[in-house]
Amino acid sequence: MKISFAEGLAKAIHESLEADARVVLIGSGFMGLNMAARKLLEPSVQKFSDRMLVTPVSELGLCGAAIGAAVCGQRPVVDIGTGSFIFQAFAQIVNEAANIHYMSGGQTSAPVTFYCLAGIRGGGAAQHSHRMQAMLGQVPGLQILAPGSAEDAYHLMKWALLESRNPSVFISHSLLLAETADLAPGAAVPPVGKARIRRPGRDVSIIANSITVPRALAAAEALEREHGVSAELVDLRTIAPLDRETVLQSVAKTGRAVIADECHRSFGVAAEIAATLAEEGLAQLKAPVCRVAVPDVPIPFSPPLETELTVTKEKIVAGALKVLGR
Amino acid sequence: MHAKRVTAMLRMRRFEEQCVELSKAGQLLGHYHVYIGQEATAVSACAALTADDFVFSTWRNHGHLLAKGASPQKMMAEILGRSGGYAGGKSGTLHLAVRELGVPTTSALVGASLPLAIGSALACKRRGSGIALAFFGDAGLEEGAFYEATLLASVWRVPILFVCENNSIPPEQRKRGQYTSSTLPAARLLDVPLALKVPAEAVDGADMDALDECFNRLIGEVRSGGGPRFVEVRCTRWPGNIMTWPELPGGAWQLAWAFGAKPENAQIVDWLASDPLVLYLRKLAAAGALDRSQVEAIDQRARTEMADAVRFALASPYPAPAEAYRHVWA
Amino acid sequence: MHAKRVTAMLRMRRFEEQCVELSKAGQLLGHYHVYIGQEATAVSACAALTADDFVFSTWRNHGHLLAKGASPQKMMAEILGRSGGYAGGKSGTLHLAVRELGVPTTSALVGASLPLAIGSALACKRRGSGIALAFFGDAGLEEGAFYEATLLASVWRVPILFVCENNSIPPEQRKRGQYTSSTLPAARLLDVPLALKVPAEAVDGADMDALDECFNRLIGEVRSGGGPRFVEVRCTRWPGNIMTWPELPGGAWQLAWAFGAKPENAQIVDWLASDPLVLYLRKLAAAGALDRSQVEAIDQRARTEMADAVRFALASPYPAPAEAYRHVWA
Amino acid sequence: MKISFAEGLAKAIHESLEADARVVLIGSGFMGLNMAARKLLEPSVQKFSDRMLVTPVSELGLCGAAIGAAVCGQRPVVDIGTGSFIFQAFAQIVNEAANIHYMSGGQTSAPVTFYCLAGIRGGGAAQHSHRMQAMLGQVPGLQILAPGSAEDAYHLMKWALLESRNPSVFISHSLLLAETADLAPGAAVPPVGKARIRRPGRDVSIIANSITVPRALAAAEALEREHGVSAELVDLRTIAPLDRETVLQSVAKTGRAVIADECHRSFGVAAEIAATLAEEGLAQLKAPVCRVAVPDVPIPFSPPLETELTVTKEKIVAGALKVLGR
């Protein structure tokens, strides 16, 4: 069954509402400004209106309430809207949700999901384009889900809503909503925390997450087609837990690593992967690693400026050729 | 003075209509917000300001900037992301700012400009000149940032005027006290600043004379050291602002509507009773202060000016890619 | 019932005195906060709660937990960071929580527990049983988190009682309406929740009977679906809480002070007029409801229990270092 | 002249208040709960009481007001208190202060200083022990000052208050307040953004910041004394700007790198340094790099648990011996 990322989200939300009465929606704008995608949620909005809460523009309060409800037995998902609004709620997410299980000595858990549409989306400018997966990587106790495909949008959302025992930040991306994939019923799904090899290869490993997954896939195909390079694509799927093992195994095989990540270059997801390689995979590295990330610059509105900073297929190809010494 | 006000309002309206057209034509990328139906507020409030004052706005800033004297050409170029814009294309519509006109920075986050505005008022108090004025929407009152900013304004007694443009008021309630916006549980929106001892009142945003009286008085009080003031401007949402992306229901606004002609679009017919421009024009005409031909001349100039602004903007090149790396650091 | 209340208050006071002593002796590391002078509030509020209810507290949580029935031994062990504590030493005093008693998590950030409490109340509403009660200090009203939480409580009409323990009220103003705490510019602290349509009132935190009446009524209203309620408990800061680290000015509290003996320390003399325990004991004695010897027996048991708690805690080993890695993930 | 870190701070604040009337203090608790250190600020509090603002517990509002005042010509420093409270103000610091210059196209700047006492301080537990230098490293437009010595506390604070043209987060540390150093009048001070070689060495580079600087210095001395190892200590001083060049030069010389950092291990300062080495210094690395950082675990209250997670001299020594293959 071919589904889109947006369909995957809508399906996961609907099925979760059906499966567990403790699932509550705090907000319902999961598709952002994408009107077509919004329609996909209509059936849930209709059928489960009593499980959706009216939401003033109070991100801190809403996220805190979601945590409190989770702590007391519900399984809420709160729609933060654009990823950049997560900063309004940082105190609750970073200093409450993440710590509750630990500081209660394991007495209490908070299976809450914070959902947002993060990333460089076209015209979002400096204040609506944040990617926060790396920042949140500094927060032990938070799961960071960053699906790069429709099937993972479905699987990870459903897992977060029905199975997870810990707080999760679900990082969606406006520019992924229309991506499609096969949702094969009964196909094996890697456990949460395990990366996926989206494409096997021999010459170079490309490590990607969220929006960079389809771009890296396109890059890998171009590398094959145009340069005879066999690139392996590792889709991290989750930033916490981070599947270092799969990354190390892939690089052990290829000897070369390009990390494609939409975070800012410094202190980004690419930094953590590169550091892991410097620490645990050094002997396998045949060439310096290459981070293909967003420069350390706020996101400008003007389209050509935004494009200049964006991680594209072309830049990933260039990164791969560089680590291959071509 | 009347002609000046009408000119200012018509310029805003024609500017915004150009934005809607550009967006439809695929030239204006991303989300944007227009000020149609709220023009009297910016015109009246900014008329009482001086060059020493600071103004803070939101995503819905076009009218505020025009009222402060910004160039429609540079604004439009900015909105289209061109090098000739005020920020060389970096801000777009969301963060339009013109430092030399007292608009140093524009936040597009609900409530976020309010703490900044308090700090600006603090700077005014420290240097002994100027005041801060913050325009913001009714949803601003749902953010903790609004609450903390109001608290600080009250504790520090800084010279700030909070101008909450409540554009969710149905026509019949525009002048009455009840609060009818989104999700604030207050009986009256004013009750929140009042609880923090910030004097607060409401004014009809469709009544230019009431606005003038109100802003002149409140800005006078703030300027003379009276501490913060809060005003809720009650206006009725223009039907073109109800969709996610602004549209022009019934087409461009027609001057004839102010002089008896009836729009075809029913929503617009209803809304005209709340249109500050129509109400002002009718009042002026009734008083013999400004006749239709004078208004037509003003409108013609406004249309020409805004068409020019669009031409300027479209002719302005996009910035060179290397510009992306400038201005990270001062 | 009287004996039960006196017992509860004395247990808290003797527990806190032990904390001060342990800190002086270098056994209690880090900052901590004691509940002396506010005991009547927790005793009265928690008496009206059931096992289905949830309680949220702050850094000043010892009294609240004891009122909910927590074991002084496990609390003290936790406060000293020992393996026998409720969180195996992970929470210390700041985050003391006992899930099985309805205290699932304790935040030590000003205002931060309030959104959590709203969510807890939402859970109660959804499952159809229980209410949430949030104890917090007067500075909580200075945080946007308080504002947003109050707003949500009002919009969602969830069953929550906000209990603001305003411990900054000078004795002569304890019963009057004026707000005298830190830096909130409101005339009355109540004005803020009232502005958001949350019914609010104040009560004298030194008057056990007034507290009982108030909490019984408000919790009844909340429990029967009346939506949120807010109460400001007005109490006078105990002199030992004025320093950065708590001290025992004039030594441990003496029962004789309730029965005519005068403390040597002048601050304590003044404060006794606001001590809920002294006032309650005098009232009971005057009414012949509880005599001195009965109180002495109660106090003796409380002292013994708390000395035992300290012994238990000191005998409890520190957790093994490997424990640091447990409970990151559920 | 020997001064302590606390004295350096107090001296910088006092001299800045004297030198520039635009310097304003929003809050005055710069020394946290350290009563002795607080006394050092008394003269400033007395003399400049009109330049200190009453502060309700409203971190978001206070930080926003500081930014607004800076934008309009003042030079405010806002005392956030414990570093963990910065999350309350994240929306203003991350999404306003950092972006103002950029999104105004260079029209406006915000020379504001956000001050806090961050770090694992003893008994702070999960909610009062945050180190945020790495998280903030994902925010272009923010300067991150993380002095590890008394003289840098003085120099960096004075620079932030009097000279900086951009917003800065000044990361102080309770456990550094009593550290002393020579403040030689007229001694050359490296420009802001330049690391300091605190101790030259040949065999291994130790890269440190904030509290790990004195601990790494002690480790270097122990390495020399007890193991005959010559360790070079690079004190980063600022996390943004980050002086990668000095790090690369040092590692080019020693061939080995240990990064001592109090952030959580994943996505921390150590990750960015290790990534830089994997990308730009790979050929010089004679051994895998070693991160000596705090495990990805919230900070527990109990003293032995806290110690277990803390970056100590001993752990830095062990890290150095490990990269030396001993």
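When the chains are written out, they are named A, B, C and D in that same order, and each has its own residue count from 1.
The criterion applied here is as follows: contacts are C-beta pairs under 8 Å (C-beta built on N, C-alpha and C of every residue); 3 or more make two chains touch, one makes a residue touch a chain.
Nothing here was measured: the structure is a model prediction, and the numbers come from that model.
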Maximum distance between Cα centroids and chain C occurs for chain B
The chain pair with the larger count of contacting C-beta pairs, comparing A-B against A-C, is A-C
Chain centres from averaged Cα atoms put chain A and chain B apart, in whole Å, by 37
So, in whole Å, the Cα centroid of chain B is separated from that of chain D by 42
Whole-angstrom distance, CA centroid of chain B to CA centroid of chain C, is 48
Shared-interface residues of chain D (touching two or more other chains) are 54, 56, 58, 60-61, 84, 88, 91, 95, 99, 102-103, 125-127, 140-141, 296-298, 300-301
Residues in chain B with touches to at least two other chains are numbered 88-91, 95, 107, 109, 142-145, 148, 151, 155, 183-184, 328
In the complex, the residues of chain A that touch chain C are 24, 53-54, 56, 58, 60-74, 76, 91-92, 95-96, 99-111, 140-141, 165-166
Within their complex, chain D touches chain A through residues 84, 87-88, 90-91, 94-95, 98-99, 102-103, 125-127, 130, 132, 134-135, 137-141, 240, 242, 263-264, 266-275, 277-280, 282-283, 285, 287-291, 296-298, 300-301
Given the complex, residues on chain B that touch chain A span 29-31, 81-82, 88-95, 107-111, 139, 142-145, 182-184, 244, 318-325, 328
Residue set of chain B touching chain C in the complex reads 142-145, 147-148, 151, 154-155, 183-187, 191-192, 194-197
Within their complex, chain A touches chain B through residues 33, 35, 54-58, 60-61, 84-85, 88, 122-128, 295-298, 300-309
